[in-house]
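All chains are identified by letter, namely A, B and C, in their written order; residue positions are counted from 1 within each chain.
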Amino acid sequence: MRSAPVTAYDLKLALPLAGFFALFFVAPLLILILVSFYTDTSLTQFGLAQYARFLLDPFSLSVLVSTLWLGVKVTLLCLLLGFPLAWTFVRSPRLAQGVLMLIIVLPLLTSVVVRTFAWIVILGRQGIVNNLLLSLGLADTPLRLLYTDGGVVVALAQVQMPLMVLPLITALSRIDPNLRDASSALGAGAWRSFVKVILPLTLPGIMAGCLLTFAAAITAFITQSLVGGGQMLFMPMYLYQQSSTLSNWPFAAAISIIFLVAVLGAVTLFNLLGRLSRGYAQG
Amino acid sequence: MIDRRQMMTTALTLGAMHAFPQLTQAQARRLVFATFTGSWEEAHRDVLVPAFRKASNNADIALDPLLSVDQIAKVTAARANPPIDVMLHDPGPALVAIDQDLVDDYPVAQSAHYKDLIADAQGAKGPAPFFQVVGITYNPDKIKTPPTSWNDIWKPEYKGRVGITNLNSTLGTGFLVEIARSRGGSEANVDAGFKAIEELKPNLGAVAANPGQLATLYQQGQIDIGPGNFNAIQILKARGVAVEFVAPKEGAIAFKTTIHLVKNSPNKELAFKLIEASLSPEVQAKLMESPYLIVPTNTKVKIGGEVAKALAKDHDEMKKKFVFQDWAAINKQRSAWIEKFNRDIKI
Amino acid sequence: MTESLTTQSLLLDRITHRYGSSLAVDDVTLDITGGELVALLGPSGCGKTTLLRIIAGFINQGEGSVIIGGKAIDHLPPHRRTIGIVFQNYALFPHMTVADNVAYGLAARGTDRATQSARVGEMLDLVKLSAMADRYPRQLSGGQQQRIALARALAVRPSILLLDEPFAALDKNLRLDMQIEIKRIQRMAGTTTIIVTHDQEEALSMADRVAVLSHGRLEQFAAATEVYDKPQSYFVNTFVGASNVLTGKLMDVNGMEGTVSLPGGGQWQGQLVGALNRGAMVRICIRPEHLAFSADADALPGKIEIGLPLGATIVHEVRLTGGASLKVAGPRAMGALALPPGSDIAVKPAISGAVRIYPEI
């Protein structure tokens, strides 16, 4: 006797969720797309004017590029700092792991606004960093750290760090510890073992972490605007300006759609790269 | 030809009514007053709402604290059956709401208080129960000689210590216009203002995303001087932050905060009563006191306290010392200015 | 193919290691001749795995020295020790082909590509898996994976080959094949080899010499037959092979021989292991196949509890009149049946010297 396939239940059970998505995600998205094709703010005429306005404007394009570039920088920094953290976690004794996990997850348990304000306190003219530099005599006047690109990158990296570290931990803890021993017994030094064995096997975790961090960093309206200030323009703030301050819904909608497409493009490209590099890993 | 916008709004409303049937019973709902968030909501809850209840035989009222833009969005989405009865607006959004035909004329003839408002606070589409005043904020611990003029902000000694906001806010836009006017420009031409901000760059320690963030930057010592909203600074000061407010000798920038009857409101009468309460000298006098320190517009209110000390002794002086801006002219070009600010102002 | 160059002796010189306060390895000295196959045998927690990791360099021992070919290698990190390891789970690199796995150690040593591929071919021939060069580990059976792990370890011509529970993950039929296979390959390569195992049959069948460990101490290090026939401690006697254990009183001592009186009456002669004095309480061990039914006067009376004909042998469980229970094993003659339960019999050691006498703890 054959039992019913498991998936038969799954589809039916997924219906409420599918309905929820259709109502609250797909429908608004379709409306957004529709609105983006109006040429005027009173929504009377259809046309591609909003897209033309964005795509033919070097300034708007530069906002898009700098937003994506911000995402890349934050992602790289998260990876650079997150990997050793995940590595330390995986190799720590159980008790230390508990403490480390708490520290890693803590950012997720506090509000983004609170975390971002902490960075304002740290990076400010009279912040911790500047006070330290001044008291050590490394600087004569306070450095401007807040409202700089570097400040935004560092703050975002901290805020999004769990999104990178958690997938990395999962990937690293799945690696058989004997593989490292096998590698070193075969004559590979620490670096070779890392590059040839650990890194390729962690790749799925790296990919997942990078995608999450990237997506979160480029859309992080609060941190971008609070640490970046009012003069640093990234896509979310641009979008907000047009929709909220100027009530220019069609242009705002067009910005959202362009942003969405650009992000999907970046993610696809990233996935493709990942699959290529995994190609040799899994054949 | 059918108005597409109307059609879409209707379609959305119909869809929403299907999804949430209780919306169709909105005819019988209580009065909804969209106030601003934060200290405004507090002031209105504590003073305005009790006065309204007294005047309306304890009618039910709900406060819906929202930014101006969100109020407009909410009403636009359901014009025929708006979820808000009374809106509160800064001058820019007020004109947007009026332009989009979201508000009714205020029944001036029936109003007991309208005639007592100072001329600048009167308006057929919605009177102003309060003024917001922008002057210079500074940190008295760091700046020993109090500034007296907008021009003081450009002093080289304030290198890296000045904070402004971008043009998303009324504060930022008003500041730009005022600077332009003091340098020969006008609401129609703010090039001089942009040039001045360009010159201010070495002094800029922060371009905050919004006035709320700007205020907190004094607390953190990130900035020591800049344009600031009287109320916001007083609240900060009351919390023990080292800040002072001065009205510059060129005159403090005054914005009307206007209150509006929403078109198609099912609670017209109660809405009128609420607005009347907000214009009444009793409510305005109470809101002028600490900790609210909201500048009154009714000439029957005798000005006193911190408002009298920092701004004006009476309404005559107020007329002389306050500078009002032409927001109809400002709104025409605001989008272009925001774009220019986006492109040019990088610190 | 045998390369005497890679045949190196291994000396573990007074190795002691602690994990925190617990003693994992307690003053172990093992002198292993080049080309020898030695088994480290003991129950889990006896220190055999710690010892293996010390040899490989994954653990730095607290005291003592690891000496290969006369040179101490204690200061060398694992990747400079040229020691091959086959892990219990094989630890093949899942993202590399069989050929890349085998070439890994060569590449790590900077061997040129031509030499690498020649060497890989040679190794795959040795383990008879040349056809699998382009497969991935997950596409291989357990036995094949193990042979690849062996090829990978041997490819770098290690001075010492370490096998950690190499057969534990294999099913019983494959196990014997692989034991023979590994022994064959080890003989051909001539590499000094250490097998860590808890399986005494595996140790006895494969190893030239067996080192029995218990609680971090070396109990005995001798040829497999000697460990079985002449266990040097009560632990070895009971851990290696089956044993009957009785307690008794040492009545008489004559050199290394002793006479023990048994609780149910009767006396047996046996070999004394360790210094024992007359009158001491002792434990005596005798293997089932060294007991036989006998009508002699000194045989101990008892009844058959159950008899199990096991093909070539037949085992009887006997309850002595004195209360103790013994197993008696002997070859089964053609057509022989087990004695029926309840039969009255008497048993005594069939071979003199088969009874070993240990101090009571």
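Methods note: a residue touches a chain if its C-beta (ideal position, glycine included) is under 8 Å from a C-beta of that chain, and two chains touch if they have at least 3 such contacts.
Quantities reported herein were computed from a predicted structural model and do not represent experimental measurements.
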item: Identifier of the chain whose CA centre is least distant from the whole-structure CA centre; value: A
item: Pair of chains joined by the greatest number of C-beta pairs in contact; value: A-B
item: Interchain centroid distance [CA atoms averaged], subunit A/subunit C, Å; value: 55
item: Cα-centroid distance, subunit A relative to subunit B, in whole angstrom; value: 36
item: Rounded Å distance between subunit B and subunit C, as computed from the means of their C-alpha atoms; value: 88
item: Residue ranges of subunit A in contact with subunit C within the complex; value: 176, 178-179, 181-189, 192, 196-197, 200-201, 280-283
item: Subunit B residues within the subunit A interface of the complex; value: 3-5, 8, 12, 19, 67, 69-70, 72, 96, 160-161, 164-168, 172, 205-210, 213, 216-217, 220-223, 334-335, 338-339, 341-343, 345-347
item: Contacting residues of subunit A [partner subunit B, same complex]; value: 23, 31, 34, 42-44, 59, 63, 117, 120-121, 124-127, 141-142, 144, 146-147, 225-226, 228-233, 237-238, 240-241, 243-248
item: Partner subunit A, residues of subunit C touching it in the complex; value: 56-58, 77-85, 87, 89, 91-95, 97, 104-105, 108-109, 136, 152-153, 156
